[in-house]
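First chain A sits with chain B, and in the next complex the same chain sits with chain C.
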Partner chain A sequence: MSAPERSSTSTLLDDARTWLLQGRLPVTTAIVLLLATLVVNLVVADNFLTAFNIRSIFANVIPLAAVAVGQTVIVLGRGIDLSLGVIATLSSVVTVSVVETRGLTAALLTGLATGAACGLVNGLLVAVVRLQPIVATFATSFVWSGLALYVLPPGTAAAPRMPDVVVQGYRGAFLGIPNAAWLLALIGASWLVLKRTRLLRHVYAVGGDEHAAFATGVRVGRVQVMTYVVGGTYAAFASFAMLANSGSADALAGGGLTLASIAALVIGGTRLSGGAGGAGGTIIGVLVLQLLTSVLVALRPPTDVRQLIDGLLVILALALAGLWAGRRRGR
Partner chain B sequence: MNLTKLRDRVQPGEARVLLRNPVVLSLLVLLALFVSGNLVAPGFASYGSFVNTLRIAAFLGVIAAGQTIVILGGGEGIDLSVGKIATFSTVVVAQVSQGQDERLLLALLTALAYCGLIGLANGVGVAYLRIPPLVMTLGMVGVVTGIIRVYSGGQPEGRAPALLSQMVNATALGGVRGSVWIWLIVAAFTIWLLRRTTFGRRVYALGANREAAFLSGINVQRNLVLLYVASSLYAALGGVMLLGFAGAASINLADQYQLISIAAVVIGGTTLAGGVGGYLGTAVGAVVLQTMRNLLIVLDIPAAGRQVVNGVILIVLLSLYGRQRRLRQ
Partner chain C sequence: MAFLEMRGVDKRYGGVVALDDASLSAERGEVHGLLGANGSGKSSLNKILTGVVAPDRATIEVDGVATRIHRPQDAHHSGIAAVYQELSLIPDLSVAANIVLAFESTRLGFVQRRRDRDRAEALLERFAPAFHGGILPIQAPVGSLSPGEQQIVEIAKAIAREPDILVLDEATASLYSAQVEVVSAVVRELRAAGTLVVFTSHRLGEVYDLCDRATVLRNGAVAGSVALAETSEAELVELMVGSLGAPRRRPAAEREEAKKVQGVSGVPRLEVVDLSTDRLEQVSCRVAQGEVLGLGGLAGQGQSEFLNALFGAVRIRHGSVEVDGQAALTHRPKQAVDAGIALVPGDRNRQGLFPVRPILENLTVPSMRRRARLGVLSDAAERAAASRAGDQLQIKFGALDDGVMTLSGGNQQKVVVGKWLLTDPRVVLLDDPTKGIDVRAKAELYEVIGQLTERGVAVLLNSSDDDELLTLSHRVLVFFEGRIVSVLAGDDLTRERLVADSLQVTT
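And then the complex of A and B:
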């Protein structure tokens, strides 16, 4: 009776070990971080479990989650896009400017097209012109933000607004679950679908070893371009959430999303040099960042030290996540 | 004019080699920028205007020197915290000196010490905790933002001592401002550091092949830490100079140098992969970027258009030299 039981626990341990060694370690770190921040939130914040708080956490998290998932796809293919947040800005001002004349559906489609087009330009610059992704996308971020300023100059008296139904729907709930949480689930589901496509398999191949991928017939350039297009499309999705959250667009908002998205994907265990990781971990990373912020809000430290604590917590999370990634790569 | 002279002196083959040299290429771009600027606004390429461009480019040039060293060291090395560290340095100098000349030296040393410590933290994170540089220095931006907030209470006090303003702004020898002379000294020191010292050799060795550097007895981790300390010290110095120019500190005075310093390095022909390049290119890159900015101001187009043109020119500049090798060889 006892013998088979022992063997079953030992296989369980073996399973767990192989699971961890299969590169799950970084994601495990992210999950531990998520649980830790959750517990701390439950302890320090009295109102953490109120419906309002949960709803606003999800509502605030969607733009970053969408941008970060897009960034993950790009990073997996050995790229990086420093203009992703600004693409979200551009897409949001474009969407909101056409929503009153063309209607909601057409406006959303225009926004998606804007994001994808920006991604296409970035992708072509990286894959065809062969610029280094960091500087190329930094340069295009000027272009996108200039275009955003052109489409919707700040301080416009009668700034266009999104229809009320969008704003209310974003804050609403369906089946007792906030709509924003459904949207987060949708982003997660879109990743699960994407992951099963041939494109993503090729992205992992290119990220792992582009020469080997090239040698086995993967069209490396085309795959890289596609990662940026996918990333831009996710940024457009983020822009819809930004619009729904605030009702209007701001040509100067969104820039901060880029660097936060990189932090989120690293916390989520995606390797910056490409080829390893996934958007599941990234979404966890986004939640960790958001929960860290809400711990700070709950603790009400003196305003002067708040930013410092925030910075230290983020760097701690990054360090914990980076520790494993570094170990696996050796010296 | 210059080109014909060049053609007379060198063989066709040599000319091509010369054109591949990023420093020469950047100089040609610089020339083109000044010529086209002069067509739009006569006087753009005048001596006075050129000297004035150098005066402002000096801040970027000094900050980008540290960036160059970190990038040369390879291993995805990059320092996104230079802008924020330079800002912190302006805040420290303004507050410690309280605008008094006799406290300037103390303020300068304090700023260098604090910023050096931040660089040390960056280096330890990268070398010993093995956090990717991009992420480590990005996280550090948040921390330094917090430090500035705590240190200044959100409202930096004090101002630049008169002596500092004088050193940075005074006109000496041929109408050249003090900041340019400081930059020249820093540039000469940096080139010497990279080309003539053991440290410099090690920087290139680390960037070219870290494994080989390790096997030939270089203490990889300790030298990596030094790279980031050096980068922070340069950023701090750039910040001090900027304070002398601006007169008073603010909580985001030098933030804009975060990414533009990387652009200066890349335009100057240093590859982000490390091991190839040098400071001379970066220095020219800094002047090119500043000239481009001046040109956009001269063109007098609205802010939106200026941003777009800025981005497009940056892309064109990068395509001239910042291109990577083709996969199929």
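And then the complex of A and C:
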């Protein structure tokens, strides 16, 4: 029975070809980078495999992972949101401010609504007022930051805290796996669900060719607005992780998440001009960035060159991811 | 009352009348041809029906109901779907996702992928022979298909919307003959099912094969609506050209001069031998000093491609180019400029001008290097050069520092010509230079072409305005699907011959 065998091989080859053409190769690059950073960590950090270290890596990675997945949705639709990290900040101070009076559930819902509302404003500015996404969201980032400082001025005596249940739960484990790792899986699962929606299909279409999508009857403006709303909602989720990780909110934290989220999605193979990529790669990109940081921690360089080395490592990761993708395009 | 009635359709672009009281009337279960020479207004009429172009005035009735079509979405809602040569597919999405785009089967907002795949497959089934190996690439990203296969997907996508009216505007242009047959069979099925298909193709054979009736446009108005079974190709050409207007020929004196021009030169200014690109097949020509060589044929048959290839902006696969006997095969525009070749592009806003920069810089950039000393420019020298070009071409402007977009269309185009004048070109390529500029500016541009030829410059002129082509050119090369099908000169330089050869009709 050689004939069917041959045909099954050829479908396998076809599948592989389709797989490559669909732009999955950059994800392979990201996986290679992830393995490389893992190996480096195992070599340089003797405490890498301790339960405490693994737990804290996952605990630290959740805020960036959530923001980066939200950013991915926006970038896929040919947008970008430079205020996403600050939206997480604003959402966290709002949440923590109402948690003592209204209770946990109401607080979380308020936080989510805050993130979604900020996203809505960004989306309307981009799709309806037609401002350039970079400029519009750069401007709103100051608005969100100002609001956060207004809601929770730094240095407030007796700053509100999250209930201890939340903080302990975040550091805890279930079935021997850190709860934060479960949360990362949840973020991944949420992407898989989102990816099957009509909205995400249209996001890919708008990012791929805005004019063709419009001429086909896709409501381009509405799709763009929705990407920012989804992004803002993910930022709110990030804010919960930030709160759970530290127990309290800081109106000055969170800004650094924005650019890291963009670096993560580029490492993960999402095209910055939209239409190709996905959050699976982004999550790997987030882990790569986190492991680079932990290499740095293990090496204990003098503090005055630490930031320099951190920056160089990120450039190296971006270049490796970009090189491979570039060669594929020149095929 | 017919199923589709378009009446009193007017459309002007600036000062140019594209449609003047045009009309179209067609029934269900009919394949209706829409024909016309360049500039007849057929593509404007097509695009008004599909909402891509907004008319100045029009009455459109579908099935007796007055319909306003201002955007593509309006056309969708009225049951009109369109396929053009330019595709509206998303390269990274799969074939199935493209076909069902914007009307996916969903449940609670989730795409039902299997159902969509089945729908796409059922639809593509009848196109199967048109795909490589007869296998339907349902899950493959559209970007991985060949151009012809993508065109088939585009047609399937339009049919998937189950339109009452399907507009096919040069939708078969990129297809092989076997693929055209597959599409023809599907079109016949649609006709039998009661769909109205409005069909435009540069291949008259396809029109005769598929269409029952045809509306012929001339100068933006209807020249006739005919039953094709009773109309010969020659009669169609006559309708397109018009028998009323006197045959347009160059004045005798000019024709004499044309002969002189061709006689003078020993070495041609420009000689092209067997030039081939992805869309050109073995194009050869010689152009003498001071000669205007026209590139004719229906729009998009390779004329622009030829000019861009000479300018190094399109990859050349094979062939040789010589300017004044010296090899000038170029791979980059920079090399073309060094060889004395200048291109005035069709899309002047994107390729010809720096829209946000002043007139001064727009005029001087290509020739700056000649005036720079150690890389430093003298403001006075730059201004002197720009003024020289401005005077020569009689460009009307307030100050050299004004933004170039403050000029009228005609003067903008003169700036594009002027910047090359300062490089002392030997060959000037004009790619539809008078598109969208008014009559006076046109006349002035014609004078500029005259000045160029007096200096011995060889001019290659592509124009979608057949009259302009016939008036200005000493000879005209007629293009069809990337090849030169005839060379018109002397007494053959008539509108009838040009239109007949453009359509490959032997009269």
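One rule holds in what follows: the second predicted complex is superposed on the first by the 304 of 331 C-alpha atoms of A that agree within 3 Å, B and C clash if a C-alpha of one lies under 4 Å from a C-alpha of the other, contacts with A are read in each partner's own complex, and residues count from 1 in each chain.
Definition applied: contacts are C-beta pairs under 8 Å (C-beta built on N, C-alpha and C of every residue); 3 or more make two chains touch, one makes a residue touch a chain.
Quick caveat, the model's predicted, so the values are computed rather than measured.
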{"item": "Touching partner for A:Ala205 - first (chain B), second (chain C), both, neither", "value": "second"}
{"item": "Touched partner set for A:Gly275, first chain B, second chain C, both or neither", "value": "second"}
{"item": "First, second, both or neither for A:Arg196, with chain B first and chain C second", "value": "second"}
{"item": "Partner chain(s) touched by A:Thr216 [first = chain B, second = chain C, both, neither]", "value": "second"}
{"item": "Chain A: partner with more touched residues, chain B or chain C", "value": "B"}
{"item": "First (chain B), second (chain C), both or neither touched by A:Ala45", "value": "neither"}
{"item": "Chain B versus chain C as contact partner of A:Phe142, first or second or both or neither", "value": "first"}
{"item": "Partner chain(s) touched by A:Leu104 [first = chain B, second = chain C, both, neither]", "value": "neither"}
{"item": "Shared contact residues on chain A - chain B and chain C", "value": "211, 214"}
{"item": "In the complex with chain A, residue positions of chain C that touch it", "value": "52, 72-73, 76, 87-93, 97, 101-104, 106, 109-111, 113, 139-141, 143-144, 157"}
{"item": "In the complex, chain A residues that touch chain B", "value": "80, 82, 125, 129-132, 134-136, 138-147, 149-150, 153, 210-211, 214, 220-221, 259, 262-263, 266, 272-273, 303-312, 314-315, 318-319, 322-323, 325-327, 329, 331"}
{"item": "Interfacial residue positions of chain A with respect to chain C in the complex", "value": "18, 21-23, 196-199, 201-202, 204-205, 208-209, 211-218, 275-276"}
{"item": "Chain A-facing residues of chain B, complex", "value": "76, 78, 80, 125, 129-132, 134-136, 138-147, 149-150, 153-154, 214, 220, 259, 262-263, 266, 271-272, 303-312, 314-315, 318-319, 322-328"}
